[in-house]
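Dropping the structure in here first, questions after.
We call the chains A, B, C and D, going by the order they appear; numbering starts again at 1 in every chain.
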Amino acid sequence: MTKDITVGISGAAGMGMQSISFTLAKSFLRAGYNVFVWQDVMSRIRGGNNTSMIRISTSPVNSLKEDFDVLVALDLLAIKRNALKVKAGGFLIYDGEKQRAEEPKAGWISVPFEKLAAEAGGDKIMMNSVATGAVLSLLGAEVVKECEGVITELFSKKGETVISGNLRALKSGIAAVTPGVSGKFMLAPTLKINSKNKALINGSEALGLGAVSAGLKFYSGYPMSPATSIMEYVAAKAREYGIVLEQAEDEIAAINMAIGAGYGGVRAMTCTSGGGFALMIEGVSLAGMTETPVVIGISQRPGPATGFPTRTEQGDLNMVLFAGHGDFARVVLAPATAADGPLIMSRAFNLAEKYQVPVFVLSDQYYNDSSFSVDLAEVRVEPVNRGGVLAEFPGSYNYKRYDLSAGRVSPRLIPGAKDQVVYADSDEHTEEGHITESAELRVQMVDKRAGKIAEIVPDMEQPFYFGSENPETVLVSWGSSFGAVKEAADLLNASGKPAGILHFTNIWPLPEIKFKFNESAVKSFICAENNYSGQFADLLEKNTKLRFSGRILRYDGHPLTAEYIVGGLEG
Amino acid sequence: MTKDITVGISGAAGMGMQSISFTLAKSFLRAGYNVFVWQDVMSRIRGGNNTSMIRISTSPVNSLKEDFDVLVALDLLAIKRNALKVKAGGFLIYDGEKQRAEEPKAGWISVPFEKLAAEAGGDKIMMNSVATGAVLSLLGAEVVKECEGVITELFSKKGETVISGNLRALKSGIAAVTPGVSGKFMLAPTLKINSKNKALINGSEALGLGAVSAGLKFYSGYPMSPATSIMEYVAAKAREYGIVLEQAEDEIAAINMAIGAGYGGVRAMTCTSGGGFALMIEGVSLAGMTETPVVIGISQRPGPATGFPTRTEQGDLNMVLFAGHGDFARVVLAPATAADGPLIMSRAFNLAEKYQVPVFVLSDQYYNDSSFSVDLAEVRVEPVNRGGVLAEFPGSYNYKRYDLSAGRVSPRLIPGAKDQVVYADSDEHTEEGHITESAELRVQMVDKRAGKIAEIVPDMEQPFYFGSENPETVLVSWGSSFGAVKEAADLLNASGKPAGILHFTNIWPLPEIKFKFNESAVKSFICAENNYSGQFADLLEKNTKLRFSGRILRYDGHPLTAEYIVGGLEG
Amino acid sequence: MVLASAYNSADDNAWCPGCGNFGVLQALKLALAGLNLEPWQVIMVSGIGQAAKIPHYLKVNCFNGLHGRTMPAAFGAKMANHKMTVIAAGGDGDAYAEGGNHFVHAMRRNPDITYLVHDNQIYGLTKGQASPTTGLGTLTGTTPFGSVDIPESPLAVAVAMDCSFVARGFAGDIEHLSKIIAAAVKHRGFSLVDILQPCVTFNKVNTYQWYKERVYNLDEDAAYDPKDRNKAFTKALEWGDRIPTGIIYKRERPVFEDSVFKPADKSLSRQPFTPPDSLELMRKYA
Amino acid sequence: MVLASAYNSADDNAWCPGCGNFGVLQALKLALAGLNLEPWQVIMVSGIGQAAKIPHYLKVNCFNGLHGRTMPAAFGAKMANHKMTVIAAGGDGDAYAEGGNHFVHAMRRNPDITYLVHDNQIYGLTKGQASPTTGLGTLTGTTPFGSVDIPESPLAVAVAMDCSFVARGFAGDIEHLSKIIAAAVKHRGFSLVDILQPCVTFNKVNTYQWYKERVYNLDEDAAYDPKDRNKAFTKALEWGDRIPTGIIYKRERPVFEDSVFKPADKSLSRQPFTPPDSLELMRKYA
């Protein structure tokens, strides 16, 4: 019996790989398994070669394997590009009638997708359900009921004929796999207890949802992969929850709109990717200067410039840390999994308002586009803390936006308060918010803005630690690399090499790090990051006691995996 | 006899402080003295209070004092804001008839500017020459002839009457200072040998001039203080030297135009300040990705946001070092004095073309707006090195812009070469410059772009060292802080405390630093910077063996001075 | 009743004596007082430039943001406070160069915001460079041989964008200007008021005198119908011996706010803070 | 004689089958061949988007820059090589949203550049969000309740900017489109060709059929005078049952290059490299 299996669905853009992988993932999720799905796609709308990578496991899983146990190849290119990634003993499911080019190899199973689809429902498009059935069959077909449920929901708006056609197609897919092969990868059973308390949600949805439940009231953004889907989530919810959402003409407008709304007194956010964020940097500095709360989501993708737009990387950390001219405080957070989304977002909005600073939420294509199985019981948020924003202020026209007597964070009055006006200013300013030329005030105001960082530090959370109490190897990671790094540590521990993982979601400012393991046991601290230079390792070395004896870096557009990390440790 | 004197000319914007300071500075320059002039101005066109600070010295001087030996106050506000900055034993020259508010103090000399101007030439505006004369008188009036020459040149286009009126006004200013006082600050004589070989030029002019003499052919920019004057220099020379100069609609256009021109095969530059540069950051990443040479001048001013727009700071280093998403090579240079301008600019264009990377030239308001006396014999440039750019390429349509076989820097063909086309691409690309989806090529191309840094390192210059061979204190500085830090070290050495200065104009990448002094003598390395956090100190600590026991930082909008530094060492 | 003096600010004014900005300031105070708005009911948003300093010289809520970014910041502030009066202001460089894209797209959104552009046809704060409205051949710091880029007609662009209120004022005619501003603020939708504003220091061509010899009051011409878009286009391009001031184009249409707020809705910033529960939202993915 | 096939590129095409971009590509090849230009004599500059991939599918010099920054990069490349033919291309988002400011200011400069905007009224590459030309009420990923921002008429804006050549083409009529492109390239000055380009994947409103039912060839209307700016404005705004294609507006005027180059001047990039001596320049400050 298999406890952990990786299935790939590969084909040209537009062939429906994502819907097959969604159906499979959701079915196994409902059957109590843990699932994880990543999309490895090209930057094109039709054609090319995209692959949905699905992992199904009896244990929690937030990362991928380097190759497949089962690969469904929907066209010839899919075979060409991915056949070698099928493990020895694994299977490649393809349509031998349509996709002949090479001699079929051992483990290649021909399932005539189109023909069976046509027979089942009269529609070629139902080949997706045929393919889904073929995979189910290999995996033991224990989840047919769940799968039928998912298909029925999926096509509920398309009517009975479509539903029953797809259900028939599913069945014929199951039947198409010969008995000797079917069930080869029979999954170990799970306790179905939690199956109703699990959600399948991708990172973008988790962040959008987190923002909405944190009281987001204004969203402005400009589409950019992989951040667009956060915007589309919020757009879909805007009416229901009274959120103003506007597609800006560019990223500069997006951030300035959000800052305007933040000044106006509501929780505001904008999301983009690295290239779009580059355009927002003057705005970041404006938020710093005017002390306006704003949340900025940066969904990283490989740069520079347009780069590798549909792939993943954690390469924008340095830019975010040093974005903006002049010194001022900021906060950087990075969720580890989709379950983290709401917590990170609620913290982001709280910290932004509490300290009146820009807060960055760093994710990446791997995080945004991957579907995670989330245990609903794990979902946490921070209670709302609006940082003492004021609706009214006593007296008459005596409010000072940058009151120095109040410490580094001055009370923030919402404009429209009776008999008061609120001046916010991008120039160096007086306590009242008027332009100043005073060198003395300049120094006080720099100290106020940059000095906030010292107040934020105690509010920052310690990194998580998982693993051995006496680790020889401590893997250090941040954000979305969590799943792969955690799995790598598990592998090491399983092979008798005591290891642990020190994982950061609170990236900046860094708290003074307290080790929850026996430091003297450690032979090497290794940082594992999804970028070229080890940007987070640099940050930690500069600002904490951590020193790394090695860095495992990946920058080919693919996410870190446990295999890659363990390979890196050995190599 | 005085060897070093500081004169302030203070008044409302529009009153002509700069023309008085220019006249004085140029006169003393021609008499063989070293002069230095900084402009301390408010962000307004008329009114307020601006001060030109002039230092005249028998030794080389590139920095200021904290207070004045002589202050000319042209209006009441000038007295109010600056009277306390006149040293004990110093003089304040003002118009006792027009500017009465307080009781005159000891050392206050009333010179009826307006009245004398009216008598001398019938025009109030000639009061500037009266004031100039008064200063000359205090300083011994040895340079009257030079001053008359300067005035004659200055007004040459305005005709005889204006010239003779001003000359009379100068005389009456000289005469207005009572004999007991005049000559109080008589300057020590200089050998006039070099007087014809000295230029009075400000940093902006030096950079503009450097760029023009380095073969600049395309300049695009958007006005922003203190960078505008570089653009205005180039604009004035554009016709004569066949340069295309265009005022862009914004900074994004400016950098993309320059990159387009760089792709097009000519040396191109854009200059701005921090806020404008923030908008260029996506463009920086484009230059990195397309491997297009471009020179970007950043004239720093205090941020964040609009900040303290007419004052000075060295606060944009971090932003420049980490500008752009993704990893790629860049070069950062920062001139120390105006004499350095041509050398730094010629290096900037050479390095940009040699390595096909963006090169940054970091200056600041203090550098750009200050007039330096430059010994013409010191002016150096690097011989032109266009990095093997090609005009033609053999064969037919077989050129590869990103040829990997050629190492990290591929031959760069200018478009328009017969039977060849040149593809440059902001996406991850093939050797030919076409969009790619290959993970293998991705890795090779990242290695190519980011790996250039290793090739550039040997080309970077060691920091200068001046001072004791066995220094107890080594002051470390960069860019425009040179003058003040050098003077501080001189003061320390003069007071028997062996000191030296390690000064960087080649900022990034950093060469492996070789000390030219006895390292074991050093008790403390101290970094002195014109910013809040010590950005350069951070960079050095991260990338070199240097560790600082202290940082002397100034961020009130004023430049570092020797007094400030020595005070900081003591305090 | 609110007096114009209720808008006085104690902040030190940094404009040059005689600058056209003073006329704009006075006209704005008169207009706001005439509309009986209290200072705390008004938000002004501005960019950077000499013109953009104007909110400091009034007593109003103020967000003085970045050069060129007036429109987006104003949009955000308005969406958070749609029951307040939002007025944006800035110079011709701010509005049409650095802010050129936002200007165009603000008109597409049509929020109920009034935009006062102090158009001195020059960059004042940075000491005299060409702006998008600088006349051909003008000598400036960056065009020492004469500017060659064709001057933009912001009014024509506004008409082309179907902007819902397009007007021109003259800082030298405070009375007429204050009427135009009042009409713009009263108009529901995005209102552009391009204001001929002499810069006595850097623009030696377009002086008070130059404008005075040319401007005429279109609002007095009963035959002119500001609802006719084609006529408005022609009128918007009139520039030379005669320059029209007044309302060039006017069009009624829904404002952006109508697409998100119901008439009874309070400003977002003053609504109760009751976000949905994250677990509820998450359950939709079970 | 240059054949259209001389422009063929081996690069793998990433467009969807049936996309209107193929029509633009074909029309462009025909136009260039018809003008007898060799591939090496042409520079194409583009931004990012589906449309902006076009230079890869041609054999030409190509600078494929950033989303929205086509115009500035094209200007720089043209100034370095003013003797070459420079053609810019991109989508409606690229040109009118992210690049909106550069679009407006390129027209002010009037360099001899042709700008092909593949206007599919949608964001293709990012999978279907509203663009500045998306019709009111359209449902897209970012406007799930219908878009509320007024669509821009790029042609009307171009006429308002006095752009020297303003035309509209239709990707479904390759022959006419190639004529328009040829005329645009031949025209000395900045030429805008806004091309109706069906996006078969994301724009289900403005389909081939939709356009075909509406477009007509203005160039065949002998009575229409593209030199009349007011008429051009009216024509530019014609949209609905009838949509004109062809040359809407045309105007002769000096190009930017005339202000810097003499007729005999070689391209800057091919002039001898002989900068002035720094010491000579410095001496002026002695």
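Note that in this section a residue touches a chain if its C-beta (ideal position, glycine included) is under 8 Å from a C-beta of that chain, and two chains touch if they have at least 3 such contacts.
Every value quoted in this text rests on a predicted model; they were computed, and no experiment measured them.
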Most remote chain relative to subunit D, going by C-alpha centroids?
-> B
Between A-C and B-C, which chain pair is linked by more C-beta pairs in contact?
-> A-C
Rounded to the nearest Å, the gap between Cα centres of subunit A and subunit B is 45
Can you check how far apart subunit A and subunit C are, centre to centre, with Cα atoms defining each centre and the answer in Å?
-> 41
If you average the Cα atoms of subunit B and of subunit C to get two centres, how far apart are those centres in Å?
-> 37
With chain centres taken as the means of their Cα atoms, state the distance from subunit C to subunit D in Å.
-> 31
Specify, in ascending order, the residues of subunit C that touch 2 or more different other chains.
-> 14, 48, 66, 97, 100-101, 104-105, 109, 132, 145, 149, 256
Where does subunit B touch two or more other chains at once, residue-wise?
-> 42-43, 48, 238, 249-250, 252, 275, 282, 286, 290, 305-306, 426-427, 435
Could you please specify the touching residues of subunit C with respect to subunit A in the complex?
-> 11, 14, 38-41, 43, 45, 48, 53, 55-56, 59-66, 69, 71-81, 83-84, 101-102, 104-105, 109, 256, 260, 267-271, 273, 275-279, 281-286
Touching residues on subunit A, where the partner in the complex is subunit B = 42-43, 48-49, 252, 273-275, 277-279, 281-282, 284-286, 288-290, 300, 302-309, 311, 313, 315-316, 318-319, 321-328, 426-428, 435, 437, 439-440, 442-443, 446, 449-450, 531-533, 538, 541-542, 555-558
Residue set of subunit B touching subunit C in the complex reads 14, 42-48, 221-225, 228, 231-232, 235-236, 238-239, 245, 247, 249-250, 275, 305-306
Show which residues of subunit A lie in contact with subunit C when the two form their complex.
-> 196-201, 205, 209-210, 212-218, 220, 237-238, 241-242, 244, 246, 248-250, 252-266, 268, 282-283, 286, 290, 342, 346, 374, 376, 379, 381, 384, 386, 391, 397, 414-427, 433-435
In their complex, what parts of subunit C are in touch with subunit D?
-> 97, 100-101, 104-105, 107-110, 132, 145, 148-153, 156-157, 159-162, 229-230, 233-234, 236-237, 253-254, 256, 259
